[in-house]
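Below, each structure is written out as structure tokens.
Both complexes shown next keep subunit A, but they swap its partner, so subunit B is in the first and subunit C is in the second.
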Partner chain A sequence: MLSRLNPLTTLAACGAAATFTVAASNWPVSVAVAVAALGAGVGAGVLRRVLAASAVILLPLWFSLLVLHGLFFPEGRTVLAGWGPARITVEGLAFALEMGTRTTGCVLVLLLFSFVVNVPDLVATMTTRRIPPQFGYVLASTLTLAPAITEQLARIRQAQEARGLVLGGSLVQRLAAARLQMVPLVLALIQDAAERAHALDARGFNSPGPHSTYREVADTRGQRTFRRAVLGLAAAAVILRLSASWFGVPVLPSPLAGNE
Partner chain B sequence: MTTPVLDARIESFTFHGETAPAVHGIGLAVQAGTLTSVLGGAGSGKSTLGRLLAGWLRSDGQLRGRLSLSGDGIPNGAQRLDFAGTEDDPRISPAAWSRQVGYVPQDAAAMLSRIRSTVAEELAFGLENRGMDRDNMHRRVADVAAQTGLSPLLDRDPGSLSGGELRRLAIACCVILDPVVLMLDDPLSSLDAEGAELILDLITGLVSKGTAVVHLGQVAGRLFSQATHCLVLDGGSVTAQGMPAEVLLSGGLAESGVVVSSEELHHGHYGPEAAAPEPAYGSPAGANRVSPGARTEASSLSFRNVTYSLPIAQGGQRAVLTEVDLDVGPGQIVAITGPNGAGKSTLLRHVNGLLHPDRGEVLVGGAPIRGKSTGAIAADVGLLFQHPRDQLFERTLLREVGFGLDRLFGAEAEVRAIQALEDVGLANVASAHPHDLPASGQRLLALATVLARQPAVIALDEPTVGLDRHGIARLQTALDTVTLRGAAVLVVTHDLAYARTVSQRVLRLRGGRLHEL
Partner chain C sequence: MSQQSLTLPAPGAAADKKRRLLELLGAASIAATFIFLVLAQPSDITNGVGSASTLLALGGFLLGAILLILGVLPTLPTSTLVLIPVALVLNIALGQIMGTTGLPFYFDAIGTVLIAVLAGPAAGAATGALSSIIWSFFNPTVLPFAAGAALIGFLAGMAARYGLFRRFYLAPVAGFATGIIAGVVSAPIAAFVFGGTSGAGTGAIVSAFRAMGDTLLAAITKQALISDPMDKAIVFAIAALLVYALPRRATFRFPFVRRFNVLAGKAPVAAS
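And then the complex of A and B:
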């Protein structure tokens, strides 16, 4: 369903959700957005990929947030436990929760977008709207970077296995195998980029003047209305947030406010 | 005499960091509606010349000389660029230059944008960049796809194409832009008979419509015999030139690494089998080896009822291999040929466990390999990949060949690696980067990585593609050596003549099944 939408609709929805999450700065809202993103991931059949990719980003983030703010939060007053300079405080945990859920919501939404969007459709749509093709190319390359690296890594691994590299075994063996693949991977990606630059140049990618698209991307009045609506809501949330900051009023009451 | 559409006078071109020029003293003037053939062996400079004339090497080295374009579509009717090898030299705009001079490199994959998801979109990429309207684009894509046999593949992912299909796509991507000068580097390599005929017909049609076609290659075959002018390059300079008949008798051609296709030249008939000369393949197959054909008692490699399918769109399956049975005994060479996309490379990847059959069994030395890792199977099986770039990943030739040898030979690993490089004639450049080798050198290096391990079973995927005469001779010597040692060799090739010459048994893969030829 999501991948069949016009890519601008998916982009607008995900962008608005991330913006709204940041503007609200309220952990129940962040959790709701994260749950909605996971639900949409289930619907689109990409939940496993979203979870795997988000784990790489979010696990280290949550760990650092809990260590930094959970144990060393200078403004923390309600001490739950203490070991010398390290103190677990309610305020520190609340801050870590707020930051963690907000980032989790945004990361899940953006990863969901990257896994469901039809990249060729997105690039074609941008070209149709006279956005410089180089911009679309950078966006497409970014969205397809992970698959490109995976593909290149698989190629190197196959070449090495064909010459006797046995993968698996202990963690040390796996790390040793990974070390053998990293330098070839980086060199191959650089070589690949250089080759691609030649091909793109020679095929007129950097030509001035309008570019056209072979691919026709469907759009509907309903989707256009939806995009305007969600972008309007996101803009309103940002304005509300900025106004509240100027006047010192919370946008949404924090469920943890009673503890502060 | 009419003004040439491309007139190049290359005094010298030297890559940055090098002292000797890669090409020097070359004059090339091509007229509209002609076919020019530039031949040379590995490292002769023909691909450098092609890239230079195509504007692909603008910042990679120092050029002295001039390039001139003239004709309809050229601003002011003519354009002349003089290069003195200084910073004030004119800059070639690849986008503008490619409107006149199209170039298909030897490595077809290097032509692709890799940001388009279907063959049709990849074909249209250049037209999109020129702002052509969608209806005209669809018509043009359909026309060129029909001419190059790509019509059934228009919805396929370019990354899923076979080597021959990829070459046709690369040529089509260039032809669709209708350049005044079309330069094709090794356009027929890895094409099956049908694909080669399509491309030859396409070139003939383009020449008759006024395109100046420049063929760069290392095989004096049908394109060479049809050319109106030929050049032979060796060591970066011209060693012979003239009409094909004159060049054929020249010392320059005889001394070069160019493969001369005698059958082709005598009969004027092209088949991929003409892509390599019979004499160059060396000793007739069968000498010193076990009898071919039927299953041997102690096969080194066996396929038993192997069936394999690939997933396709809408959750379907495409049968690639169907109940394949095959035996290769010690010291025996079996060749498998077949059209592009038939699944030859897929079959070969089952030999070392890179792919696993859906049903059936692959046995090496009589033992099933199911459940073993590719790394473990590699102790007995060596695989030459179809594309050397898929096989090479190290920083120097010596490191490349030496990878994994310590596990087999311990302290002798380096000696073995150097010996393998010597066997393929690359020991003198052991510290070079694999990517700096010409295509022929890269394939020989990949071969060295296989030979160095001295496996009991050797699987070779299109081993002759990109090799010049010297390379083919080295390949033959290597095959003679390994079969005398008792290794079983399975060769996959589109080149039927090579298959017949080198092996005792030739099988054809068609419709997922093997048929005796």
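And then the complex of A and C:
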């Protein structure tokens, strides 16, 4: 269902959810956003990919936050246990929880967007808006180039191994092996890029004025209203939070605030 | 069709002025955000999650990066533009190759520095910012560092323009200086947005400073001053080695390289 929406609608919804999470900075809100993102991932059938990609990012982050703030939090007062300079404090754990859940919520929501969105649709939509066509080109080109370059790198490694390249050994040998793979790769890529530039120039890519696209992306009045609503909501959350911090009005009391 | 496009008016001075304005606004937004975060609001976030500081850090740095992209991107020639996706993928792929050497560094800016050396500071800044934005499709946590990445590309381009890539031993020096500046600019992001760093090694250094009683921002800034200059010195050295290994006919195709004599030496006979 999500992938059939206009890409801008998905982008607006996910961006607004991430902004709202940061503006709220309240762990129950962050957890709710994370759970909602996972639920939407189940609905769109991308849950497994979202989980795999987010685990790579979030596990080291959580580990680092828990060790850093769990053990070393000089501002902490309520000490649970201590060994010399390392002290487990309630405030430190609460801070790690607050920061960790906030990042988790944002990462899950944004990853959901990148796995759900149809990149050609996104590029076509951006072309019809006033975003420079170069941005769309770079986006689409990078996403299609990444697997191609990985494949090219594997071919270069095979070719060099056939000529006697040995991976491993001492540090100097490994650096020499890295150089033997990098130089042909970079040279081939720069050569390819030059050819692509000629092809694009011949098709008037860099000519000024509006660019049109063959791809029609459906958009409905309902989606336009929805986008305006969620963006307005996110902006309101940001304004509320900023004014609260500048004028000292508490919005959502953080669990930390009570411990000060 | 092609005849018609030849007679199209060139983009006027007004459009150029608008783009220049966007670039300046972008740079100003990044600078103002940084100054505000460091000087005007050092109320440490560990006294409560500084959500307002986080929003300002994210908003100011991202807005700056996007304005820079909008200002620079349309001015780049197609030959430079097609290199940007290559640089983005190189940032990833070369990082992977270096990963197989088992060295404890990250090297996620090699492509950006390479483009900056070949195509100049503006292209470098746009590549750095775009790299973060597009990489965030796979890893959203790099998105807030877009301004720092743009700064690295810009500084690498300036180093190339003033001849620091003509001699191999000068490149790491330029990288070291870039690392100091980039580390100091990125530290508030790590502190205000993520409340720490995600690497095991960097996390240990931050913990050590925290154990000595530093504030979180101070600890992360000190950690950045230890890790970043070293990392960037190596990245600049690798980029220099790669550029030297490329044949002249590839490097002298770039007007920036020819105009500022970025790599000491004469143009190949065929191209001159």
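Brief remarks on what is shown
Keep this in mind: the second predicted complex is superposed on the first by the 187 of 260 C-alpha atoms of A that agree within 3 Å, B and C clash if a C-alpha of one lies under 4 Å from a C-alpha of the other, contacts with A are read in each partner's own complex, and residues count from 1 in each chain.
Here is the rule we use: contacts are C-beta pairs under 8 Å (C-beta built on N, C-alpha and C of every residue); 3 or more make two chains touch, one makes a residue touch a chain.
Predicted model, so just to flag it, every value in this text is computed and none were measured.
By the touch criterion stated above, A:His211 is placed in contact with subunit B alone, subunit C being left untouched. In the superposition on chain A, A:Ala162 makes contact with subunit B only, not with subunit C. More residues of subunit A are touched by C (comparison of subunit B with subunit C). Shared-chain residue A:Leu175: touches subunit C; no touch with subunit B. Contacts of A:Leu189 after superposition on the shared chain: subunit C is touched, whereas subunit B is not. When both complexes are overlaid on chain A, the residue A:Gly222 reaches neither subunit B nor subunit C. In the superposition on chain A, contact of A:Arg203 is made with subunit B only, not with subunit C. By the touch criterion stated above, A:Ser141 is placed in contact with subunit B and with subunit C alike.
Looking at the shared chain after the overlay, A:Val123 reaches subunit B, while subunit C stays out of its contact range.
Within subunit A, the residues touching subunit B in one complex and subunit C in the other are 137, 141, 167, 183, 187, 191, 196, 200-201, 204-207, 209. The touching residues of subunit B, counted against subunit A in their complex, run 54-56, 94-96, 98-99, 103, 110-117, 120-121, 124-134, 137-138, 141, 173, 177, 352, 354, 373-376, 378-379, 382-383, 385, 390-395, 403-404, 407-408, 435, 449, 453. Residues of subunit A touching subunit C in their complex: 18, 22-25, 53, 56-57, 60-61, 63-65, 67-69, 71-75, 85-86, 91, 95-96, 98-100, 102-103, 106-107, 110-111, 114, 132, 134-135, 137-139, 141-143, 145-146, 149-150, 153, 167, 171, 174-175, 178-179, 181-183, 185-187, 189-194, 196-197, 200-201, 204-209, 238, 241-242, 244-246, 254, 256-257, 260. In the complex of the two chains, the subunit A residues touching subunit B come out as 119-120, 123, 127, 133, 137, 140-141, 144, 155-156, 158-168, 183-184, 187-188, 191, 195-196, 198-207, 209-216.
Taken in their complex, subunit C has these residues touching subunit A: 5, 8, 10-11, 15, 44, 46-52, 54-56, 58-59, 69-70, 73-74, 76-79, 81-86, 88-90, 92-94, 97-98, 100-103, 114, 130, 134, 136-141, 143, 193-200, 203, 206-207, 210-214, 241-242, 245-247, 250, 253.
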